[in-house]
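Below, chain A partners chain B and then partners chain C, in two separate complexes.
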Partner chain A sequence: MAHENIKGCIILKDLLYSVKDNTWIKVDGDIVTIGMTDIAQGLAGPILHAKTKKPGTIRKKGRPIATVESGKWVGPVKSPVTGEIIEVNENLVSDAQLINRSPYKDGWVVKMKATNLGAEMSEMTTGDAAVEAYRQKIEQDGIECSHIDDSDTYD
Partner chain B sequence: MMALDLRQNKHSDVSFEEKERLFDEVKADERWHHVLNGCFECGICVASCPSARFYDFSPRVITQAVSREDTDLIYTLMSDSIWDCSQCFSCDRCPRENSPGQIITIMREVAVKNGLQTAKKALEGYGRIIYKIMSTGSQVSPDMLQPDAFPDWGTHVYEIAENLEEWRKAIPPETLHTTETGWKIDKKTIIELYLIWHMTGVMDLIEGVDEGLFMILVDVMEERLEEAGYDDVTFD
Partner chain C sequence: MEEDFEGKKILVIQTHGVETPTRTYSPLFYAMAAAAMEIEVMVWFTMNGTNQLKKGEAEKVQLVKDSNVNLKTMLEMALDSDVELRVCQQSLELWDMKVEDLIDGVEIMGATSIIELALNYDHVMYF
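Presenting the complex of A and B:
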């Protein structure tokens, strides 16, 4: 999978990113899978709890779809799109560190049925532009990503 | 240890009028005249201050600066030094009945209310504790004992964190068989706390310093308040 490794932080080129909120989306029709980026998991450190909103919840872009709590941080996962939560990653209830080990695959957070996807996708970044945006952010904020054991690897 | 930089012009990007406005807000606090009486520099406050032993921090500098109404220096202290105080109030033993600790309490409140960048930065590390207290009503919880958050707990913090539930079950009172909260919290208590924070404007303070924290607290509170029949209470 095309990716870039900047100071240990993996950025997959085929995802769309909200760089400001450190979230990614993968689009399938009007269904959007949402997760936290590798940078976000690295900043949070080992995650203890990831509590998602219930399926059926309507959320506007920018509102929280989950609360994530690590040893040293707590904060929202802000929705990059507007819509209804149709599925949540139940595996996070017993194993929140899935987000640390596999932020782009098994550690996805929720799936939403998006209602304003066209406009909201145009505000997101992908491919080389996403890599560049993250390169700037990582250098500016002095970020380095660390990973816990058994994390996904990218060669 | 970083030396405290007390240059008068350190914050020349902030206008004198703005610094004066913040100090006026400090002085307007109703506690103000009970905590400042004039300082004869005996040094008892510094000698009793634990933060002064470990940081470049002096409660006497605080009292002197506010006594002299040194507006520039007060702003510098509000942007740095006041966050080194541990708020233990050992300095209350001042023979002149000054309370540098309480002066700092007021200065911190003004810094938070005005959303000063340094207040945001200083409180970053406390986000999880504030979230825990305000969402559950319980203070520091057992699951905060994590190696990356409490390395100073000692090497056995790894073992404690891994086997936390077993450790907690070993405590006799059932109300303490919890890991996400310090003890089991009564629903009525937590609803009362939410209502108090709603009515006293505490949530507005939180919104000013940490939007993300505000967002997740509102989410938790509105949901539980609605369940308890308080549909009309909103924080936005």
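Presenting the complex of A and C:
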């Protein structure tokens, strides 16, 4: 999978990113899978709890779809799109560190049926533009990503 | 899974300051958790709690050994999370503090305001 590694932080080029909120989406029709980026999990550190909103919850872009807490940080996962939560990652209830180990695969957070996807996708960043945006953010904020044991690897 | 708490309001009252580091961390952490849950949250510093808001003091309080998180970064993270930080006007005098001594982002309120707030919030957490 095409990716870039910047100071240990992995950015997959085929995802769309809300760089400001450190979230990614993967689009399948009007169904959107949403997760936290590798940068977000690195900043949070080992995650202790992740609580998602319930399926059926309507969210506008920018509102929380979950709250995540580690030993040193607690905060929202803000939805990058508007729509209805149709599925949540139940595995996070018993193993919130899935987000740390596999932020782009098994650690996805929710799936939403998006209602304003065209306009909202155009506000997101992908491919080389996303890599460049994160490069700037990582250098500006002095970010380095660390990973816990058994994290996904990218060659 | 998480309920929807939008519109709820919590007031956190912090009376502990830099002389008791282990009592400074949790109130801010709970406030940030509430903010993440879309709850309107205010932290009200009074008594000894006021002294952590003096410029140059909070950064001296290391909460977790070998961590880059100190009390100043916690206060900044709280502000970034839209937690409102307010300080008791009368308690400033206890610590010989003036308005210009306060870290950025903190507003001053008087005693009657806090009573009014307490009556109008859904819940008050007192530390």
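Methods note: the second predicted complex is superposed on the first by the 155 of 155 C-alpha atoms of A that agree within 3 Å, B and C clash if a C-alpha of one lies under 4 Å from a C-alpha of the other, contacts with A are read in each partner's own complex, and residues count from 1 in each chain.
We adopt the following convention: a contact is a pair of C-beta atoms (placed from the backbone, for glycine too) under 8 Å apart; a residue touches a chain by one contact, two chains touch by 3 or more.
Treat the numbers as computed from the prediction; the structure is a model and nothing was measured.
Q: After the superposition on A, what does A:Arg63 contact: first (chain B), second (chain C), both or neither?
A: It touches chain B and chain C both.
Q: Go through the superposed model and pick first if A:Val88 touches only chain B, second if only chain C, both, or neither.
A: Touch status of A:Val88: second partner only.
Q: On the A-aligned overlay, A:Pro76 touches which partner chain: chain B = first, chain C = second, or both, or neither?
A: After superposition on chain A, A:Pro76 lies in contact with both partners, chain B and chain C.
Q: Would you sort A:Pro46 into first (chain B), second (chain C), both or neither based on which partner it touches?
A: So A:Pro46 only meets chain B here.
Q: For A:Ala129, is the partner it touches chain B (first), chain C (second), both, or none of the two (neither)?
A: neither
Q: In the superposed arrangement, what residues of chain A touch both chain B and chain C?
A: 53, 63-64, 67, 69, 71-76
Q: Flag every residue of chain B that touches chain A in the complex, lowest number first.
A: Against chain A, chain B makes touches at 125, 127-128, 131-132, 143-144, 146-150, 180, 212-213, 215-216, 219-220.
Q: Write out the stretch or stretches of chain C touching chain A in their complex.
A: Interface residues on chain C, with respect to chain A: 1-4, 29, 32-33, 35-38, 64, 67, 69, 77, 81.
Q: Can you tell me which positions in chain A touch chain C when the two form their complex?
A: Those residues of chain A that touch chain C are 51-54, 57, 63-64, 66-69, 71-76, 88.
Q: For the complex, which residues does chain A have touching chain B?
A: Contacts found on chain A: 45-46, 48-49, 53, 63-64, 67, 69-76, 78.
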